[in-house]
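Lettered A, B and C in written order, each chain numbered from 1.
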C-alpha cells in the first residue's frame, strides 16, 4: 500500500454480551479512498462501523479484544476523548435522522457542541458543509425552515452535511441510500466521489451494484468474519475465496 | 438528587415513627389498636373505633365505586365510539382534580340532609361518607379499568363474537374476566385513595369517636382522627395522633405494595 | 331461561344507567357550587381580603396564599423531579437502583395528604423551626407533587426517539450536552404538562396545608408568614358554618381555577401529541 493506512484493525473481536459479532478482524483501510463493506444481513457491518467511532460504547454489555488504530493511535485507549474521536470519525446512519430543528441548526449542531458560537463563523461552516454535501443550492433560501420538511434524499444529504461541518477525517456511511429514490441515490453517490478527495470514506453499500459503481476497495464480511478484501476490480472479477464469489454472483444474499 | 423520592419517603417514615411509636409502646400495642375508648384528656388512647370506621367507610366506598366504575369503563370501552371516549377521558381527569373539600361540601349540603330526613340519624354518617368516597374513587377505578380493557388483544373479542356470542356475553364472560387483574389493581388503588381521604370525611362523617353500630351512625376514620385534633393536641395526645399516622402508614404501604406487585405481574 | 338477547339488553341497559348516573352526579356536584357561587363572583370579591373571619369581604389574601404556596412547591419540585427523571432514563439503565427509586416514587405517590401534613409539621414547622409558613407549606407540597413530576417527565423523555441521542453522540456530544440540547428541549411540553398537573394538585390540597401553613387571614409578607389558601378558607367557612354564601363563592372560584388549569394542561398535551405524531 503506497500510503500508510488510516485505520488499522488488529485481531479485533467484538461481543454483544456473550454473542460474538465480529471475529478476528484484521483490516487496513487506506486514506482518501472509498472502502466498501459488503456482506449479507447480520454479518457485522454496522457493528464494525460503530466500533470505529465507539458508538458501541452506548450499548450496555458490549466487549472487545484486539485493537483499532486511527493514525497509529489506539482508539480504545482510556486517554482518548470520545467526543473528539467521534468528530474525527463521523457517521451517517441508514435512516435520515434530522433533529427537529431548522436546517441551519441541524448542521450547526456539531460545531456548537465543539464550542463555536460566533454567528458569522457558524454561517460560514454551515454553507461550506451544505455545498460539500451538494445540498446548498436546494436549501439556501430556506435554511431557517424545519429540516423535517425536506424530502428523504435531501434529509440524508443534510445528515452528510452535519458530519462534514465538523471537518472529520473519516466519514462512515451505513446504507445511506436505503429508502431513497434513484435520483437522490445518484446525487449521493456523486457527492461520495467528490468527498473521497478530502476524506477517507467507509461505505456499507445498499447493494453490490452500488459498491461496483463507487468503491475503490472492497471488504467482504460473512457472519462477523472478514473473508476477503482488495481492490474493487479484483474482488468483482477474480475473488480469491469461493464464498466471496458466491455472494458476488448472487448465489446467496 | 435522583434519590430524592426515596429519601423523602424514608424521612417521612422516620419522623412519623419517631413521634408515634414511643406512645404505642407506652400504652401497649394491644391496648392502642384494640382499645375502644378514645379519651385523650383522660389518657385513653384506643383507636379501634377509628379502625372500624375506616374499614366500614372504605368498604362502603368500594361497594358503591367498583360496580359503577367498572360499568363506566365498560361503557367507555365497548359501548361508545372512540370519539366519545376521547372526550370522556379528559373529563374524568378533570373530575379527579376537583379538590376533596368540594366533594365534602356537596355531601354536607345535599347528602347529609337527605339521609337525615329520609333515613333518620344525624345524617352525618357512615352512609354519607361511603357514598361520597365511592364517587371520589370513581375516576381512579374508571381510568385504570378502562386501560385494562383497552389493552386486551382484539382477538379475544373477535374470537368470542365469531363463536356466536352476543356482545354482552363477550363483555361479561370474556373481556371482564380477562381484564380481571387490571380491575383488581384499580380497586386496590381506589382503596388506597379511600383510606387516605381526610377533608371530605371530616365534613360529613360526624366525627364521633365511638364504634359505629349502623351505617347511619357517625364515625371517625384514622385520617379524620388526626385531621380534627391535630390543631390543638399537645404532649401525649399529639403523639397519639402520630401513632394513628403510623397505623395509617402501614395500611397504605401494604396496599401500595400490593398494587405495585399486581401491576408488575400484569406487565410480565 | 332468559334468552341471551334479553340478558344483553338488561346488561347493557344497566351499564348505560350506571354511566349516565355517574355523569349526572358529577355534574350535580360541580353545579351545586357553581350555580350558587358564580353570581357572587365579582372583581371586588377577588381584590378584597376576608373580613370578620370571612363573613364578609373577599378572598384576596387567600389567593395570594394559594399562589405563593404553589410557586414554592413548583420551584422546588420541578428541578428535583426533572433531574430524577433524567437520571433514571439517561444516566442509568434498568437496574436494582433504578427499580428502588421507582418503587419509592410510586409509594410516595400513594401517601395520604394527612401524613404529609404530619411530616411537614414535625419536620419543617417544628424541627427546622420554619413555623407555620409559606415555606413549610410549600416544601411539604413539593414533596407531594414530586412523584407526579417525575412520572410525567419520565414519560416525556421516554417518548424522544433513540435516534436523536445517537445522532448527538455521533456528532461529538457528551452525555450532558445531549441531555441539555436534545432531550430537555424536546421533552419540555410533556414536562410542562406535568408541572401544570402539580399546580392543580397544589391548589386543591387542604389537609397538608392546614398543618403546615397555618390559617392566617392576613396577606403574607414573607416566606415565613403563615397564610391561608383558597381551599383551606373554603373548608373553614363550610365547617365552621361562618357563611354559606362566602363558602359558595370561594368554592366557585376554586373550581374555576382548577378547571382552568386542567383544561390548559389537556389542551397543551393535545397540541403536543398532534405535533409529534404529525
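The definition used in the following text is that contacts are C-beta pairs under 8 Å (C-beta built on N, C-alpha and C of every residue); 3 or more make two chains touch, one makes a residue touch a chain.
This one's a predicted model, so the numbers in the text were calculated from it and none came from an experiment.
The chain pair A-C and the chain pair B-C differ in C-beta contact count, and the higher one is B-C.
Among the other chains, A has the CA centre that is most remote from the centre of chain C.
Of all the chains shown, the one with its CA centroid nearest the global CA centroid is C.
Look at where the CA atoms of chain A average out and do the same for chain B: the two points lie 59 Å apart. Each chain gets a centre from the mean of its Cα atoms; for chain A and chain C, those two points are 49 Å apart.
Mean C-alpha position of chain B lies 19 Å from that of chain C.
Not a single residue in chain A touches at least two other chains.
Against chain C, in their complex, chain B makes its touches with residues 1-6, 8-9, 11-12, 15-16, 19, 67-68, 71-72, 74-76, 79, 90, 93-95, 97-106, 108-110, 135, 138, 166-169, 171-172, 189, 192, 195-199, 202-203, 223, 226-227, 230-231, 241-242, 245, 248-249, 252-253, 255-257, 259-260. The touching residues of chain A, when paired with chain C in their complex, are 53, 55, 58, 60, 82-84, 86-87, 90-91, 93, 95, 97, 99-100, 109-110, 112-114, 159, 162-163, 166.
Chain contact summary for the complex, chain C toward chain B: residues 4-5, 7-8, 11-12, 14-16, 18-19, 21-22, 25-26, 28-30, 32-33, 80, 83-84, 87-88, 100-101, 103-108, 110-119, 121-123, 127, 143, 146-147, 150, 197, 200-201, 203-207, 210-211, 231, 234-235, 238-239, 247, 251, 254-255, 258-259, 261-263, 266. If you check the complex, the residues on chain C that touch chain A are 93, 163-174, 177, 181-182, 186.
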